[in-house]
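Each of the next two complexes has chain A plus one more chain, namely chain B in the first and chain C in the second.
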Partner chain A sequence: MNKLSLAYELHKRKLLTLLLTGVFIWSLFAVQWSTGLIHGSGLATAGQIFGAMFQPDVSADILIIALESSWITLAYAAAGMSLAIILAFFLGIWASGVLASGAKSRYFMKGTFRSVLGFMRAIHELVWAWLFVASFGLSPYAAVFALAIPYGGILGRIFADMLNDVPKEPIQALESAGASRIQCLIYGYLPNVRANILSYVMYRFECAVRSSAIMSFVGLGGLGYQIQLSLDDLQYNEVWTFLFFLIGVVVLIDLWSSQLRRRLAL
Partner chain B sequence: MSNPEILDINQISKHFERKVALSSLSFSVKKGERVALIGPSGAGKTTLLNILASVIEPDEGQVFLDGEPMQEYADRKKFAKKIGIIRQQFDLVGQLPVIHNVLAGKLADWGFAKSILSLLIPQEKEAAIRSLERVGLPDKVYERTANLSGGEQQRVALARLLVQSPQIVLADEPVASLDPARAEDVLFMLTKLAAEENQTLIASLHSIDYARKYFDRLIALKDGVLFFDLEADKVTDEQLKELYQLKELVR
Partner chain C sequence: MRKPKLDFINFSVILSLLIIAGSWFYIIVGQNASLTALFTGKNLEYAAKFFKGLFGVGVEDPAFTNRDSWSSALSLTLDTLQMSIMAIGFATVTMFLTVIPATRTVANGSLTLSKKRYSWISYGLIRVSYVFSRAIPELVWAMVIIFIFKPGILPGAIALALHNFGILGKLCAEVIEDLDKRPARNLASSGASKWQILMYAVLPAVMPQYLTYILYRWEVIMRTTIVVGFVGAGGLGQQFKMSMSFFHYTDITLLLICYIVLVFIADYVSEKSRNFVK
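Let's turn to the complex of A and B:
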């Protein structure tokens, strides 16, 4: 009996793996492989789309449109991120509770501001975009706010977690040197998380560019809007031009981010 | 001796869960004394230092600092003028340049505006550079602290203490993570600077040799009680042997 339960304790993870694999294999039988998996002309269309990948439209007017809409997409992303960083900086510091003096006020601050951040990021940027387009109309503010709110929520949450994970010893040393809470923040906590938060912000900036492109499907202009127009016209070559511009922007941001990180690591 | 008592520890006890860390411990320290706390691991040295640093409070008993009960020093900035602490080398903010870690010793005197301005343009730079010269690191002022070796980082912590300039210095295993040569170097500097600044020094140490060599008075703790309290040159090898003996071997 004892031996049996010991064996169970040892192997229960493997049993679970086995069970889940079984469920997956069983689920494959539910798929109708012969018909309905891909609709009749689907393969042909997919062929056209991916064929167009090697022949993007590089005519001058398409390139100009692509450049302009990349600029719009980038501008929305940059403005949204700037606002998100400001929101996340303050909300994140409050949500981490490092400024609270007593255990009670820390608990209260953490609870309150973490819920605010949770609310901000629980709603997807596309949904925010719909809401703002409905209220502001198709103005750039709609795009910027729609990005800033959920991204502020995500960044703020990560920022708060990073602040909470700062090693205690240097902070204690600052406290014993007579530093106040806010002095501990600027001399201890912030220098400690600076490099990590920067690299995370850069990663989120990439995500913001992609989101900003997607959001423009709502009608806000930018790369996503152009992709949608070209898709409606079945101009796959143009679609790929815009996609390559999107990839280019993301790659450029990635290069910038790794350069920044290298400089900070010195 | 005419030296006044700066620290008076009166019957303090501390429990953690059911474990006794300190039980009715009493002693007093005179101004300018150099005291080493020794004893096996778990004897209560760190608990005692944490009580003196007012990181934790004793369950019973009281500590008098310069004639006043410890509770009178609830203001952290006022306390920092009395007592400064140096621990192992993880004490510094590695991402900041050395000068800001040294100037952190000034935070008790500085307001918010001045401390934030100092991160851009170091304030009272001369004080920091002077203390870095005294600990032998005049060429590392703007170096990133994390890039320094363990021994150098402990010297930076010493420079910060010089800038903070408290009356009492508590050192919790200040050389625990250093090799013997670096350890001697840091201990020599710690005791020398304390003497020059006319500070009282209380350090917990693992090494008896260092304790005898650099300190005037040894206080030995074992299982939370005072085992002996003697001048450094009066401690015998038998006493030390008994202090570090394992319980199982006695039986």
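Let's turn to the complex of A and C:
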């Protein structure tokens, strides 16, 4: 290896860092910093909003609404995730190509299903929600499907990657004992990825709760809807009550999933 | 036969099954949502009309064949790209400023071999701010930020940065916590200052992982730019919302095309650069 390529190998991380910093500085020119960026009363509003943080509205009827909409948010997230898991299970297995027998059919299956998964997750869940609401109206199913499609895409892709990373030896042992592709899948691949995929699903569930909260933007109920209503009424104290409920739900699920992940890793 | 034990994992499985069952029960019975009602003739007619509108069937001069629409959509795409880069840049800068005190091994002094009284306080405060900024979705941040800033790409970038600051901070603090402590301790015991430890022991070891996380979050931000635009934070999303209100369906198709292409380009670039630094 000559000197130049060695220097390149050693410094390519610095090169990339430099490039990324340059791109960031370029992006700053997109904003005209000299003209007024803040509303005339913007700073006063900011003061009111962050002042309200320390005195959230804790009257009984607001708390009841907050509890109810937390449950709606959680319910949409759980229902959406359950569909996403089913979608990801089948699409992920197909996209990993472990069921294909020949090299050609594996290449074909991988290509097709990976691009299907890519398309599913390329579009944000809120855009899916809007498409569903526009085509069949305000129904809880719009929220559930809108969550299930992009999350199915993400989970499916990760599941496929995990299946491809399974060590070859156990699979070869099964194959040489005469197992079919399906038997290899059930007794070789799936037990190998079980713990990893479970912990990833738990992590995604936390994200799904957050996504389900913003489904409100297209008119579907939940915490986000209440936040939006209170913001429109300029009731910042209520906004913070709902925000604290959202944070509570997310933190609870985060704690649960980190506990579960620690035990699964053993 | 062994008695089935109710340990934490089994309990979690049962609890999640209960939550899923309860959710479906609530949606089907509590909210009276029937799946068959979605597929009535009327709904199908609406859906058909909507998709025909999107594909520009029977529309004179649909936006995706119009030259002017393309050029305005492309300039919005550039705006969106700049917004996403600005967002990840802000998030990265604030993360770097806070990540060292937010690391447990620094707070308890096992990494730098020096312990200050206030280190646990700053650790706690920064960790709480991470949880706080992470738990609130980008869109909600954007809805609040738009009260303060004038519409444009800056509030969008700030909203995206606020959410990703918490995520990046948590991930990056964990990277430092998992570091091999020996090089840093070695430097500390030979008299290196805090900054020298950071420059020579911590940064070189964490840089590849950090670059991976930053590029990965940038991919996610790219996808979310359209959403913060919905509340007036500039870029493709804002125009999307506008065309939606005016029922300019072919414009929406054009914007969606630009958006998907942008997302795919971002995925590709980030994957290539991640492989580059591996």
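In this text, the second predicted complex is superposed on the first by the 226 of 266 C-alpha atoms of A that agree within 3 Å, B and C clash if a C-alpha of one lies under 4 Å from a C-alpha of the other, contacts with A are read in each partner's own complex, and residues count from 1 in each chain.
The rule we apply is simple: contacts are C-beta pairs under 8 Å (C-beta built on N, C-alpha and C of every residue); 3 or more make two chains touch, one makes a residue touch a chain.
Keep in mind that what you see is a predicted model, and the values were worked out from it rather than measured.
*Asks:* I'd like to know which partner A:Ala60 touches here: chain B for first, chain C for second, both or neither.
*Replies:* In the superposed model, A:Ala60 contacts neither chain B nor chain C.
*Asks:* With the two complexes superposed on chain A, say which partner A:Val251 touches: chain B (first), chain C (second), both, or neither.
*Replies:* After superposing on A, A:Val251 lies in contact with chain C but is clear of chain B.
*Asks:* Now for A:Leu4: first (chain B), second (chain C), both, or neither, which partner does it touch?
*Replies:* neither
*Asks:* With the two structures laid over each other on chain A, which partner does A:Phe136 touch: chain B (first), chain C (second), both, or neither?
*Replies:* After superposition on chain A, A:Phe136 lies in contact with chain C alone.
*Asks:* Is A:Gln259 contacted by the first partner chain B, the second partner chain C, both or neither?
*Replies:* Once the two structures are laid over each other on A, A:Gln259 reaches chain C alone.
*Asks:* May I ask you to decide whether A:Gln172 touches chain B, chain C, both, or neither, giving the answer as first, second, both or neither?
*Replies:* After superposition on chain A, A:Gln172 lies in contact with chain B alone.
*Asks:* Report for A:Ala103: first if it touches chain B alone, second if chain C alone, otherwise both or neither.
*Replies:* After superposition on chain A, A:Ala103 lies in contact with neither partner.
*Asks:* Would you check which partner chain A:Pro191 touches, where first means chain B only, second means chain C only, and both and neither mean what they say?
*Replies:* first
*Asks:* So, does A:Ala79 touch the first partner chain B, the second partner chain C, both, or neither?
*Replies:* The answer is second: A:Ala79 touches chain C but not chain B.
*Asks:* I'd like to check the shared interface: which positions of chain A are touched by both chain B and chain C across the two complexes?
*Replies:* In the superposed arrangement, which is not itself an observed complex, chain A uses no residue for both chain B and chain C.
*Asks:* Hey, which residues of chain C end up touching chain A in the complex?
*Replies:* 7-9, 12, 16, 19-20, 22-24, 26-27, 31, 33, 35, 37-39, 43, 46-47, 50-51, 79, 81-83, 85-86, 88-89, 92, 131-132, 134-137, 139-140, 143-144, 147-150, 152-154, 207-208, 211, 214, 223-224, 226-227, 230-231, 244, 256, 259-260, 263-264, 267, 273, 276-277
*Asks:* Which residues, counting only chain A, touch chain B once they are in their complex?
*Replies:* For chain A paired with chain B, touching residues are 167, 169-170, 172-180, 182-183, 186-188, 191-192, 194-195, 266.
*Asks:* Under the stated contact criterion, what part of chain A meets chain C in this complex?
*Replies:* Of all residues in chain A, those touching chain C are 12-13, 16-17, 20, 23-24, 26-28, 30-31, 36-39, 42-43, 45-46, 49, 71-72, 74-79, 81-82, 118-119, 122-124, 126-127, 130, 134-137, 139-141, 144, 210-211, 213-214, 217, 224, 227-228, 231, 239, 243, 246-247, 250-251, 254, 256, 259-260, 263-264.
*Asks:* So in the complex, the part of chain B that touches chain A is made up of which residues?
*Replies:* 53, 55, 76-77, 79-81, 83-85, 87-88, 90-96, 100, 104-105, 107-110, 112, 115-116, 119, 144, 157, 160, 164
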